[in-house]
């Protein structure tokens, strides 16, 4: 094997990665064509009807209900995760930075990221759902809020560990400068550390949002599987990921194409969210 | 109002709330692991690892005769291991080579694009990769298969391996490569015999983390491997996986007592891989 | 030799600082710093000179492993027994590398000492304070047309003068400077030295420097520290012409350090 072959092998492997990504986009688009042809691209996106009738004529599919469900659950999850992940980030990245206790908490929070989605779903179903029922929040215990609570726990590690990194990166000299003017730690955090690391922290939450949008199993088990726009936080619904997980197995024809179309939309949404998040990180570190 | 007393009070209040909310974040981990442990450990015995899943009927009979449900999750364990193994065989060489390429060609536009796509791929929801493997493998082979599951898992593993390889290679001193080349060794042997072994620790932990990330995946396997009640060694046939079994148990009222033991097994497997990878990373100081 | 003011403003008594128990970075230092003068602290690196001045404004408390004993009095107030936030407002500090706050404008940087702790001022008060502080560091004419720009757009020397203005805006009793010119080019250094000589009318200055000629040029009194101890403390002219300790002489003649 000559160097030339070796170098081209490396290049080919990078090309394959590019091809995989391009191929994913292509295959999803191709699979989605029948659905878009039937309902129109925007007609599909903006219709909240999901009727899988037996006869061809009654079939009607649209993504809006699931887009709504996805946005509701993931944004709510982000809001719930905020008051926990931000303290963790400051605990690890500032208050106890470099200390053993920060390592322990960081490790515990990281383990949260390791728990499989389906185990979260089980826990949500058998532990959280009864709690929601007994609080009288909803009769069945399923729904947007239940899903968001579990999603919030699932994305805490992503939001916290990345934010902690940006908090840690704030130069010590800036903090010392502020302390030398008589500021307390709270004042330094509020006026120096937070503004300096803000765009980084923001991007961490954008990436965490991306996680929440695409999370499948736990949501599938908790959201209640109804194919309409949720009418409130206690209502049931479906996310883009959960409708695919629920109905892909038995689907064919137009329905399969519609599910693939939802997959394409989900792929594009997460790609855009991740793209923005990464772009902000890049901007921040310059 | 900014008297010193008031300012110091605010400072204490912030410290206190950071500590309290951080501590609260650790609670779900304890609750989840606790629940799975308490409900699951009783079912774990020799049979659990060696026998295949019982049918609903067998389980029903056992329940009616007040006996423990017979059988185990051997089919799932074999399926999981096989699919992860095949996924690794696909993803590791490709990922490592692509990582080397990116590290060797840091500043080119092509590398920037590939790097960005790798990041986007890492943020792609696993269910999408299920659809992709369905379109790329299940449809051409005209049937669900372990191979299709492996392809989905491989694409999930790729970005993690690429980025960890690249990052570790980037950390190697430039002198290492120069020394190798100065001795007249060809480029390929410098990379394969000097750089890659020096980066082994980082690459290896990256692989471990990638494995621990996909080993608990459920959603993509539902669309590809489908599941099987017997141990299946043929990768072109449908196969089961531990996570798929949990999903089946969850949906079958007669098998529900096996949910927790299967979850406990999966949780322990994932978390120990996770911890092992992080310990190794610490030990090798990557 | 001219007669210098000998009113002590800051007095250190048996000051000890240790990073690890039993090992003293500053060992039993006692000295009086005189009002309206510039006192330089010299010594080889690692001699404890930075540690000494960072003990005065209790910067060390950011790093909890450090222990301080002894007594520090500024204008008769016991600095080790009042809140560090107050201490640091009486004893301003300028650091080695200029550290203007990058998220604030030049204007806000000067007022940072007030903004950070939530003191509200009228527009008029603020304008006046910004102008006078920037004038006293000779930066007013250079930046008055771009006060809303970020401080990080300035040159290194300008940034450092902005940091001095920021400290002066609090009207501190004493200004502690930790090698303030070591990151600057010779022209900027020169400018700051001239500035300090002018500033001593307003504020007492203690400056740590490893640059002996700088100490000779600008300071009235000099300290020489070695291995945590204050070896010699005297009028700068005397120290440089007729040092009483052999170690001082060896350091000043370049035999070590």
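The chains carry the letters A, B and C, assigned in the order they are written, with residues numbered from 1 in each.
Definition applied: contacts are C-beta pairs under 8 Å (C-beta built on N, C-alpha and C of every residue); 3 or more make two chains touch, one makes a residue touch a chain.
Note that this is a predicted model, so its numbers are computed, not measured.
Just to note, of B-C and A-C, the chains joined by more C-beta pairs in contact are A-C. Taking the CA centroid of chain C as reference, the farthest chain centroid is that of B. Here the chain at the heart of the shown protein, by mean C-alpha position, is A. Rounded to whole angstrom units, the spacing between the C-alpha centres of chain A and chain B is 17.
Chain centres here are Cα averages; for chain B and chain C they lie 54 Å apart. Between chain A and chain C the centroid-to-centroid distance comes to 50 Å (mean Cα coordinates, whole Å). Residues of chain A in contact with at least two other chains: 184, 187. Residue positions of chain C touching 2 or more other chains: 85-86, 117-118. Residue positions 7-8 of chain B each touch two or more of the other chains. Against chain C, the residues of chain B that register as touching in their complex are 1-2, 4, 7-8.
If you check the complex, the residues on chain C that touch chain B are 83, 85-86, 117-120. Those residues of chain A whose C-beta lies close enough to touch chain B in the complex are 1-3, 6-7, 9-11, 13-14, 16-18, 20-21, 23-24, 27-28, 31, 83-85, 87-88, 90-91, 95, 105, 107-112, 114-123, 125-127, 153, 156, 160, 184-187, 189, 207, 210-211, 213-217, 220-221, 241, 244-245, 248-249, 259-260, 263, 266-267, 270-271, 273-275, 277-278. Touching chain C in their complex are the following residues of chain A: 171, 173-184, 187-188, 191-192, 195-196.
Note for the complex: chain C touches chain A at residues 57, 59, 62, 85-89, 92-93, 95, 97, 99-103, 112-113, 115-118, 163, 166-167, 170.
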